[in-house]
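Residue numbering begins at 1 within each chain, and the chains themselves are lettered A, B, C, D, E, F, G and H in the order written.
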């Protein structure tokens, strides 16, 4: 049986993902290499150890951030 | 006995904090961090560029050098964004220290005292060590100390303006009344600015643009290192008083006759 | 390639000149000369106390340390006394360098430009290398340069006053227009004062009271050493400009949303 | 035959010396130890090598100076 | 068309507000109010001395002269006292205008921004016209404007200190960003201080100690009146720019030859 | 008893001297001379344009208004030109008063102390009343007083620069030590500058560019008139002292309780 | 029948007044002459027109204030 | 007999005048109208009352000045 597709937002841009995608799967797909990052879903920070079990819901707003030069 | 700076139990040999904003290249940043001998480095938190394939990132670079990283909340437009930024940076950098910037004014980037106070209270309740960037308002500084901030960071003049010290009298009062470290931030343009702040008793200074954007950042990092040391030593060495007339440095007796 | 100061062909690694007036003890003087790393030390010329039986004298001490000794003409009330003082100091110290002080004003010890000019001319004719102490008057500085002085030494504020820098704009113009080294003298109270003068392009500074009379002279000597270096390096590193508004040190793009 | 005494001034104070006293003799008498000094007679600097041959005249004003702390 | 100051619909010909604190005598106060030509006079609210049998009181005196009376909240230690003071002053003086002073600091008497903000909100809700005394913090000034304050009254330096203007840059920014009148308050010592504030665009100044405690208060009242006018007219007359070099005021052509 | 200024026996009700350089039109000049109420007006001496057929000349205009005219020596490159200029102006204007400007520096137009001293001596010998323009050098001022100058005219900052007061401390010392009137000249940009000079005891000020080149010269002339008066009255009214802490203007007793 | 006495506080000082005293009566007694004043009872401002009908209760804290020199 | 012509300099410019010209004649010729001026010949100021008798010599340098705006 096919999984349904739905929209989410990553860093303000629309993405289409499949139902039941986990954060781990999303991150793999985004191919972030060795970049350091942290992540919040709907303004809630999700720790790395919970990525595996975290299933992304439709319309989620995901922020993936890192550190840049700042004063 | 050393003269280290202690903030919330953490010890720093260097009283010069360095910002990473507007660095010209990672090489240049590396150079000026080294020459400055700073142990406390600020960063901003921004969305990752998902389309960028480069691996080299600032954070790994800083972690490798075993520097203390102080994330700021620059760019946040309200308290919710400030709190999310801090929680993300805690997860990212594994530190509960944050430099709180609560700014509404896009032209002078002057911090909002009410938003700063509210955000600081919430962050402290969530377990953060808060180092707030503030205008040089002694009463605000006292309020922030009372709710448990780790330092206050009054500005010398607007961020990146290179205007030097515009509020010296107010900073003096903040230093006089503060029981937590006072880190003078923003506007310092030359080593003498940093030195002067240390001479009047500031515990540390934070410098970014003046080093990162100097023609020779590496050298300027060293210059600020020396200036901060000069000022600190002077503060501990008891400067001469200011008097209204001259005081001869050569003796006035035993003058010869021609 | 080094960044040494050259005055009349003589090279100095240190751009900090130190006065020996009002030192608390020979031990203290020794300490602060060492910590300052100065290579140019001023002394005054006075009648020998014929009734004093002690052998230890300042001069032998300084000669032993192989320091350059710069005798001044402080206390001279007219040109004859200035010239005799210089001739005596040449015989005594075996140097034709003199720091010319031509002062009539007992309260602020401000130098007299006319007497300075006249004395400088006479001394140069007699073969002296003249380093005149002057008020921060650019036209006077130019006159003195033209008759062959080795440096000009404009004052920052009255001798021993600890008032810091009161004539910054004039000193800037002197530096801009001068082809001979500019050594800022008098009034400098804290390392940031020295640093600031170096940052705007002074070639060296002369400090006496601020070190000799600090609570801890040895440390203050070190502080000034560092401040002078900081300022010099800054001068050579291209400081950031002064702008009228703020310039963010953290980027304004890629802001997150809460 | 006895030498005549006369007055001179050293550093502003009156001294009585004998006729034909040289600077070398005067300096010995003043017992200056190892102190560094230079000297002028009547506003004329006299070099050390000429002390021996320099005979002090009556009413001479002698300045004997050294270096002291100064700025 | 006149150049009157308008605050909350009320028009003032004079841009000089005068305090009555520390006046030497009612006669002296009368004199300096007259010579200053001020139309806005501040008073403090204090417990009546029940044992004092004298009838002459300050208030009747001021009312008789048909001056606008602005009660302040000086001395209040918390928001409840501020509100009670304002309600009492409204009953006493029949005005809903108040100069809000929310001060915790007994040494420098610097206002507390958080308490000021809170008190201002409550007072505005109760129908008061609030003129808050503040440190020269542009972001705070903007906050107070947004909640409906009638003016902001940034300080030039601590109350009664005679220190003149210590925060000029910050006051400039407040003036630039403000849509409500800016009345510079506290610390002004001489007419040139008042003039300078008006020249950079302040709408009015409040002076107390500098007049009340001058050797000749009557004359000093006149001097400030003139200074404020001078500054205001200058502001409206377009001052010359600041340039880096000289610009001859005598022509450089048609020079004669000797 | 009046408070008139007296220079060499001549009495002035106004302590504001006005320059005519760079006036926009004769009408504008007329306006600002009137509004300033100045009684002492400077002019420069230049070759007559032989090809110009217009009759209206500045001098007739000034003479008609019965103003005191003070010719200057601006533009003279050496002492001969200075003396010829003064002798010509004496013949032209029928006055032996001259404002001596001895300037070699085309960029900052700073006066040369040596040439000034020499020219002043020669001019005084020839019967002139000499008002020399000088840098703010107290020892030079004293020298010029001793040879018989009628005033000294120290500069606040370079001519026409609009930089305001850059040498306040030196001007204070000149005022303190001078027995002849001190007229502060050059660089004054706004009425508060003039007021400040009068407050510290200057006898008069000379203003040119700040009025002549203001957007509205007539109004600016009035503004300076008021500023000079404000400063003078303040000087005679005994200003309050500068203290290091605040001093409450409202009483600290009889506080109410909420 | 006698009225009971009780304590009140005026400007921080203890006073004894009789039961049923009105503000009007109190003010008369205090003999304030022509002085301007305003008044609060227990942190509540009482307008002059209500003095007549206002009966002071035991332990009331009354503040009577006026204007003094202030900046 | 004709008068000889020669050169003089007025305000730095060459002029040709006739021998025996007086200052009065020169000024008339220059047609200065009612302009205020003063005048020096070879760095010597000549008073107006002497113009009539002052004969201009060859190569004279004449400066004719007036007042202009100055500070």
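One rule holds for everything that comes next: a contact is a pair of C-beta atoms (placed from the backbone, for glycine too) under 8 Å apart; a residue touches a chain by one contact, two chains touch by 3 or more.
These figures come from a predicted structure and were not determined experimentally.
Path length between chain C and chain H in the chain contact graph, taken as the least number of steps between touching chains: 2.
By number of C-beta pairs in contact, C-D leads over the other of C-D and B-D. Note: centroid distance chain C to chain F, computed from Cα atoms, is 34 Å. Between the CA-based centres of chain E and chain F the separation comes to 32 Å, rounded to the whole angstrom.
One finds 46 Å separating the Cα centroids of chain B and chain F. Separating the CA-averaged centres of chain E and chain H is a span of 64 Å. Shared contact sites, meaning residues of chain F that touch two or more other chains, fall at 19, 21-22, 44-47, 72, 74, 80, 84-85, 88, 108, 110, 159-160, 163, 208-209, 212, 248-251, 254, 256-258. Residues of chain D in contact with two or more other chains: 11-12, 43, 63, 65, 68-71. Contact annotation for chain pairs lists A-B, A-C, B-C, B-D, B-E, C-D, C-F, E-F, E-G, E-H, F-G, F-H, with touch applied as defined. By the touch criterion given at the top, residues 19-23, 29, 42-48, 50, 53, 55, 57-60, 62-63, 69, 71-72, 74, 80, 84-85, 87-93, 159-160, 186, 206, 208-209, 212 of chain E touch chain G in their complex. Within the complex formed with chain C, the chain F residues making contact are 103-105, 108, 110-114, 117, 135, 137-140, 142-143, 157, 163, 166-170, 173, 177.
Partner chain A is touched in their complex by these residues of chain C: 248-251, 254, 256-258. The part of chain G that touches chain E in the complex is made up of residues 10-13, 30, 32-40, 43, 45, 47-48, 63-71. The residues of chain C lying in touch with chain B in their complex are 19, 21-22, 44-47, 49, 72, 74-78, 80-81, 83-85, 88, 101, 107-110, 158-164, 189-193, 195-196, 199, 208-210, 212-217, 219-220, 222-227, 229-231, 233-234, 236-258.
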